[in-house]
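Every chain is named by a letter (A, B, C and D) in the order it is written, and numbering of its residues begins at 1.
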């Protein structure tokens, strides 16, 4: 029975994403779910050999990339993303039975969630201060434990803990979506499907043009970059690490060539995996078949046009 | 007496940055300091005509860009950055007199600050949960009001409120530095100094290569990009807004040409200003003098080489 | 009465091109035509102040660029192209009256012309050897002087010298066209028409990528290169001079910016002029009006989007 | 005994180049030399299966590329360049015994040679007109046959025909060098040496930027272009074919990738071969070994940095 970590505790959106991966047949047989207190902790369980995989959130359509996940993927031993799913994110406002909206003075929330309901809270719970919970499910636990009056949490957490729902479907922005990834130890990537995503982390020299040259390795090969995220390396103002997602698979020769070119020119590159995209991510890179056949014929000396 | 807003309340690092701008002679005469509850609120006071300027944090060497500041600069009426300063950031852990470290169960912190002391807190205050304050100074006020046991805050806030200092100089990372900017209504930029920074916000079409072409407008003109930040536009997964800083001034012809080229090609570009950099930001763009003289002679028909 | 040199003697296609410029109103009043023995000699008459302009062929759709013209424009004092025209080129085979095709043993031809009738001559005058004449008109004179049996020449030359026409409209390739330019001393370019051509000569450093960077100065500004010609500098194998034509005018700001950028980066650049194209040369560079207005407003501090 | 064609007749510089290839051990055993009347005719003998190879001039440091050779390589069945050599080129002025310089009225010359002695002839034989010979050796034969008074020719031709030498070592430019290539039917290229040249012919779409994109396929892979030659396709003004030489070998992965990329994007590309350069042609493209190893490990799922 594979052990799979997730950013817990039980009741988080991440656990819901793990359930999605299970229904989609990502694992053989029944899975043992292992809750971890943070994204980094979930990934470290793979590095420690205690689980075979981990599910973590990586990007929100509202808040952008999840920094804790990116930083943990960039540092420590290399791990590999092998699958993704996306969930529409709306929150339940949970409280102990008997609590009214007007009673809410302290509202437990995971900061990412707080960022997605701020307008609703300012309007509907104007007297509420925020208590920082470590996840959406932990916010519900914090309410059950009496640390706060209400929680920005999930349907699943409310059901598990028997809390009352003050409001459901809460979200400042329509179509707030979060992407979750399934991460494992390094392995051969799942086969290319024609609608794949490949992700790398780059550190570049501090010369003018180095970033532009790195991007050109993709664009000149007809590869579409779908995400560009810069994060400070924490080694001083102005030093960045870049997280790049492109359309395509490491077995697509255009992508393989771009990776090799970056390996030659960038001080540091880490490959985070190639996997099937949840939704069609854009046009795939141009196929190599004809050109490779032509090249191999030239090398053999076959007469051609 | 100019009225200048800052991200308050009194005692924040931002107020310390405002004091720096005052000592550096950024204003004529005495300034009336106006505390605002958020970065966006401080900037909106300019838009409402209630203040002549505002000081807000824009980037941390540890946490990266300050999203609330960037988003407020990108949206609403255009404002303009006219000056910057940088402060080394270390925190004071403040409590009501008589509180011991072992008593701290609930620790008030502004989330950006929490991110910069997380390791110290895990080690030194292992039982503490976080209470979300709206600024570093507000965290001290929350302690004074009894909402939390201790605060991650500033020396200045401790002095003003008469709180005790449980620890001083707290920071997980050495050399944590935050950059603050002075923002005004649109105006002519301060004169070029040879060590200037220019900032723009870009929205690009979703075509492959559009970002690379935008960057090429800088690199082909010898302009060094010093910051590239992507933030979701909140209109759907994969839609980004880019915040770019480059070395140079709108009066440098290379920068002026790059801005014009982006205005022609990008669906949306907003200029956020040109101002003297706090520290030398990199090599300035190549001067235009010789080339412009040559061109004007060609246009007049002067014989030359 | 302006004196205009042309690549002569009387009866060349170049004289026909000069007549075209006259009918098109390129000159004020009657022109005094001055035949010169070569393209370089015609251009040197301008440099010596003996003529006000010169007409020379610059490019053939069959033979490519006319090296003698390009080299003379690249070296010596700078001259400027101010107008162009194109002529369809077919040849007359001329002989002294009484000569039959079967009698032709020695065929006088200007080498460029020989290249354009080689197939016809091999088929129709299989026994003919070539005598090298210094122009198409000179070939007819050489026949009149008895130096050769027949000439590859022009209708005009046949009429002037009273020679018989063995064949007319001779050309190996359909639609052989030659472009002629009117050259003067440096002056202000004729006003932009929206369908202009600008020409430069470049010498580049021998670094990888220097040529590609030079071309990028055009392409990143949306300027279409219509001719790229490399010629050895005669200073050693592998040293080239590049002749580039682009769509646009020195008063188009995109072209002006590209010229300035090349002046900064190339060891040597010579501007050969901007003039109206004979046929629409391609899409003009993007206009600057909106972008320039936007930039000037930013500089003044006008509030904008 | 291999039959090798050359641009003849006997006595040309090309025959001297063929002798060089023989001494350098390019052939097994004794060679049967087959004179051909033109560069194209020499190459067509390979296509007809009548010879195993051909030696032709391809580029002069004074006159640039030899158009007849390039055009014959670009059209008809594909052939392949397998070796090169370079000869310093100075001419002998040959005449029948008894002829004085003052007697020379008609000077037989191959046009490429005429271009390289024009200044010397204008100064030393001011009364001479040119007779067009089909090669440097043919010029000597034309003098022997009485068709001209003197010939611009080679030492070798003078010896063979017993002509007198009016002047030796004649050349307008110091260090005039001509490159000759040995061409065969398509075959596997000679092994990479680290100082190789690869040559292609390209036809491009008539879009702005298509040439720049083609060049970028080389420059972004660190490949140095050493020759760029444009020749009209003879299908109309402004339609060009490009002859590109780069440093490197088809077995260098950077070169292989560039060829494949051009095959994908260019309407027509013809590979003309990879062969050892006569003199060191520039820095070779970056090696692929490390990057290829890294990629293959990623594909296998080996853990790495």
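Here is the rule we use: a contact is a pair of C-beta atoms (placed from the backbone, for glycine too) under 8 Å apart; a residue touches a chain by one contact, two chains touch by 3 or more.
A quick note: this is a predicted structure, and the numbers were derived from the prediction, not measured.
Q: Averaged over CA atoms, how far is the centre of chain B from the centre of chain D? Could you give it in whole Å?
A: It comes to 61 Å between the two C-alpha centres.
Q: Just give me the whole-number Å value for how far the CA centre of chain A lies from that of chain D.
A: So the centre of chain A lies 57 Å away from the centre of chain D.
Q: Averaging only over C-alpha atoms, locate the centres of chain A and chain B and give their separation in whole Å.
A: 27
Q: On chain C, where are the residues touching two or more other chains?
A: Residues 216, 222.
Q: Using the contact definition from the top, classify how the chains connect: line, ring, star, complete or other.
A: The chain contacts form a single closed ring, each chain touching exactly two others.
Q: For each chain, which other chains does it touch, given as pairs?
A: Here the touching pairs of chains are A-B, A-D, B-C, C-D.
Q: Inside the complex, what are the residues of chain A that reach chain B?
A: 59-64, 67, 86, 109, 111, 114, 129-132, 142, 147, 173, 175, 177, 179, 208-209, 211-212, 215-216, 218-219, 222-232, 234, 236-238, 240, 282-283
Q: Contact residues on chain A for chain D in the complex?
A: For chain A paired with chain D, touching residues are 77-78, 80, 185-189, 213, 216-217, 220-222, 250-251, 253, 256-257, 259-261, 263-264, 268, 270-271, 286, 288, 290-292, 294-295, 298-305.
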